[in-house]
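The structures come next, written out as structure tokens.
The same chain A turns up in both complexes below, where it pairs with chain B and then with chain C.
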Partner chain A sequence: MNVLEVEHLNVWEERSGRNLVRDSSFRLAQGECLAIVGESGSGKSLTCKSIMRLNRNGIRHSGRIALNGEDLSILSDKAMRRYRGRRLCMIMQNGMSAFDPSRPIGAHLQETLGIHYDWSRAEREAKLAAAMIAVGLREPAAVMSRYPFELSGGMLQRVMIALALVLEPDVIIADEPTTALDAVTAYEVVEQFVRLRERLRSAMIFVSHDLGVVRRIADNVLVMKDGEIVEQGAAREIFSGARHPYTRYLVSSKETLSRHYKWLMGGVDVAQG
Partner chain B sequence: MLKVEGVYQSYRRSGLLRRTNHEVLRNIGFEWEKGECLGIIGESGSGKSTLGRLLLGIDKPVRGSITFDGKPIADRKTRRGAISAVFQDYTSSINPFYTVRQAILEPLRLRKSENESFDFGSLLREVGLDESYLDRYPHELSGGEAQRVCIARAVASKPACILLDEAISSLDGSVQMQVLELLRNLRETFGMGYIFITHDIQAAAYLCDRMMIIRGGEIEELVRTEELANVQSPYAKELLRKVIS
Partner chain C sequence: MLGYAFRRIVLVVPLLFVISFLTFILNGLSPMDPAEVVLHAQGVPVITDELIAETRSDLGMDRPLLVRYGDWLITCLQLDFGISFITGDPVWSLLGPALLNTLKLTLVSSFFIILLSIALGVVCALKEGKWPDLSIRSISFLLTSMPVYWLAALLIGYFSVKLDLLPTSGMNSLGSYVLPVAVIVVGYVGIYFRIIRSSMLSNLNADYVLYGRACGMTERSLILKVLRNSLQVAVSVFGMAIPIVLGSTVVVENMFAWPGLGTLTVNSILGRDFPIIQAYVLVLAVAFVLFNTVSDLLNAAVNPRLRKEF
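The block that comes next holds the complex of A and B.
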């Protein structure tokens, strides 16, 4: 059963008519994690935003996007709003701009949950606190009373993952969630994503240009270049025998670094995927 | 040779009722030899960028001394031709009203050596670009290209040392690799040394001769890269284990 089906997605700039994503089709099965990789400007984020219908003004898209067989493009903006968060949950790259800067984190989370579920305030708080502890935020009450600028990038990323845990969406879309983090924090956040998948069993789209992270988390990989899908397949196959020269180039530049590192560390056990 | 001895740095934090001193660096001491590539590794907030600013002389430590060939780094004359820098944010590193040609000439003009007929072509080819880039403006360059221009600018004055503060962190994976290769090649061609500040341990291990692991403003461990597998402190071990390869 495919949770999400994207068929012939085209994204273009209205003013210039420039094509940004061309004829992109892929599907996401229940519980699957699909990674979208590619350089900046290859159309990864545009694809995600088109699914969420969050593209900024002046960017248009066409094609069929179906969630559990239901065509999302015929939904009104109001109906689509109810889907965002509850059914399709997006985790952004920059936590600092993903939260309302003028209110404490807790107020924002309460509001989001209040829209989607008719739980009492105490219920919402209890669920949030449990989720925060699950993602390694040890003092949920303190975190909820803080403003976004008072938390580090890694903590904000965890708060977003905690919110996804409570919302239990059908599809989670994570757009470069580790790119703005330092290596150690990125490692911990990736571990949280792995556990999030285990717990919710929801499908996930994971956008990244870091192939190390992709190898750790993804079942399938979709490679984009200049707005087109150049290759898609099982993660293992992409890493061992990519067909497209561009994919091979991406994989080999990552391999050079990690092989050198492993050689230095004398083959001792480093985090592997 | 760059010598750092007993360096402390702190910033005053003004609160509503009292002022507190926030200590960023504590008792930092190490030496950098000419031609060496030294990696400074740490998490965000560990003080590595603050240390970078001190090494460049754009900030002064509250205690301790930093000298280059025996002369204080805070003196502009010491720095001239000795050390230059490449920063993380390539978009704000080049004056947006300057073309690539003007950007590269900027440090040379400050040294009053711009009259020397300067071979832009070979310099740009050295960083993987060519003459056609000379009249472009920064906004016409991709991230990788802009960072290459920044590197070319740093190389132009032929310094003994280039300090790279997270210079590859905001580039895409494959472009990161190209820039790392470029830095390796430049080192062979010009014989310059690097101070490579980063949180990317794999990249540092690829480029550096020695690695300094810094935590909470203090040096946790300083090892030769070949000895990286034998780090002693528990923190360094954990840091190296948490590398997603």
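The block that comes next holds the complex of A and C.
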């Protein structure tokens, strides 16, 4: 049974009629993690937003998007809103701008849980605290009383993961959740995503530029270029023998990069030794 | 918040000293020797150099600058700004009522400027690109580009002369407020509602609104958050707007013969009535500082970031 099915998704700009995503189809099985890779502007974010039905005014999409067999496009606005967060949960790229700057983090978390569950305030707080500890935020009460600008990018990313942990959605959509972080923090956050997958049986869409991260977390990979899917398949196969020249280019440039990186690090070691 | 307010208010004190000192120095820049002025005022027929020197020491003008500044400041604090060269009345007896009249005009105008700017800005942002947005923006563009004189003449011609509904000048009834306030409000709303609109729009497109939606929050709740964040910008903008309106009522006051500061100062400048000009500068500068401080405090009350980083 597929948790999410996307068939013939087209996204276009209403005014100019410009096609931004063309005839994109893919599916997500329960517990599966699908990585979407591709250069900047290839339509990764638009694909994610179309699934959530959160495209901006002026951007339209067509095609069938079904969650557990239910077509999302025929849902009323209100019904769709109730699915957001509860069944389709998004994790943003930049934690710093993802929360209302004039309210403490806890207010957002409380409000979100209040929409989807009728737990008491204390229950919500307890569940949030437990989730925060699980993702390595040591003082949940303090974190919840902080304003977004008082926390680091890595902590805010963990807060969003913790919220997903409490919400237990069917699908988690993470759009470049580590791009805004430094390498060490990004590594830690990716590990939290791996553990999130282990804890929940949710399916996950993980958009990333970083093929190293993709190799760590994804079962399947979908490669996009100029709004089209140029290749999809199991992560292992893509990395060992990509069919499409663009994918081979991506993988090889990644490998050149990491070889270069290793050489650099080696160089440093030699210099130090 | 209390700590912030305290620190912010303490900061005002040195600022007020600097301002008053500069105004005091301004006094010395006037082309006439105060001693001479006093002698003229007393009607002394022949003014000799000795007489001037004597009067200078009588007036205490041979004492060090800072001592004189201290004395002057103390008399100012008692609202004693000297005597008008022209009428011979105490300056405050002229300036006080005029200041009050101007403040009334300013505050009533500012109230409507703020109310209309927020209302129009919010409507335009929520209906961006649709007909309410487009029509409000083009009408305001038309009105703002009208010269103040022309607009005032049009309004007086229609409402006062043709319909005989409103007084053309003076400050006799509530009706007297309508036209001057309308002219001031039209001039400023066009600027300020655009600020509200663009700040609303940038908030509506912010990541936190997207994430809020993605978490299932209602549009109503999100619009409230956007309003709150946009009004933070508004508070500081309006805090600055009130003193600007205060300083710019001169033109409107003269057109409608409003017995306010503007009318008084223009007459004083034409008659070289320096004590009044000096007192006007001082009072307006202090008013600027006070409005600014209040707007900063309001700003901090709505903006946690300011409060915490200061």
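Here are a few things to note about the model shown:
In this section, the second predicted complex is superposed on the first by the 258 of 273 C-alpha atoms of A that agree within 3 Å, B and C clash if a C-alpha of one lies under 4 Å from a C-alpha of the other, contacts with A are read in each partner's own complex, and residues count from 1 in each chain.
The rule is simple: a contact is a pair of C-beta atoms (placed from the backbone, for glycine too) under 8 Å apart; a residue touches a chain by one contact, two chains touch by 3 or more.
Because the structure is predicted, anything quoted here is derived from the model rather than measured.
The larger set of touched chain A residues comes from B, when the choice is between chain B and chain C.
Shared-chain residue A:Gly85: touches chain C; no touch with chain B. In the superposition on chain A, A:Asp182 makes contact with chain B only, while chain C stays out of contact range.
When both complexes are overlaid on chain A, the residue A:Ser102 reaches chain C alone and has no touch with chain B. In the superposed pair of complexes, A:Ile74 makes contact with neither chain B nor chain C. Using the contact criterion defined above for the overlaid structures, shared-chain residue A:His209 touches chain B, although it does not reach chain C. Of the two partner chains placed by the overlay, neither chain B nor chain C lies in contact with A:Ala122. Look at A:Met1: by the touch rule set out above, it reaches neither chain B nor chain C.
Applying the stated contact rule after C-alpha superposition, one finds that A:Ser40 touches chain B and leaves chain C untouched.
For the contact definition in use here, the chain B contact set and the chain C contact set of chain A share no residue. Those residues of chain C lying in contact with chain A across their complex are 205-208, 210-218, 221, 225, 228-229, 232, 302-305, 308.
Taken in their complex, chain A has these residues touching chain B: 39-41, 152-153, 181-188, 190, 209-213, 216, 249-250, 253-254, 256-258, 260-262, 264-266, 268-273.
Contacts from chain A toward chain C in the complex involve residues 52, 54, 56, 81-86, 88-90, 92, 94, 97-103, 108, 111-112, 115-116, 147, 149-150, 160, 163. Residues of chain B touching chain A in their complex: 43-45, 142-143, 172-178, 180, 199-203, 205-206, 225-226, 228-229, 239-245.
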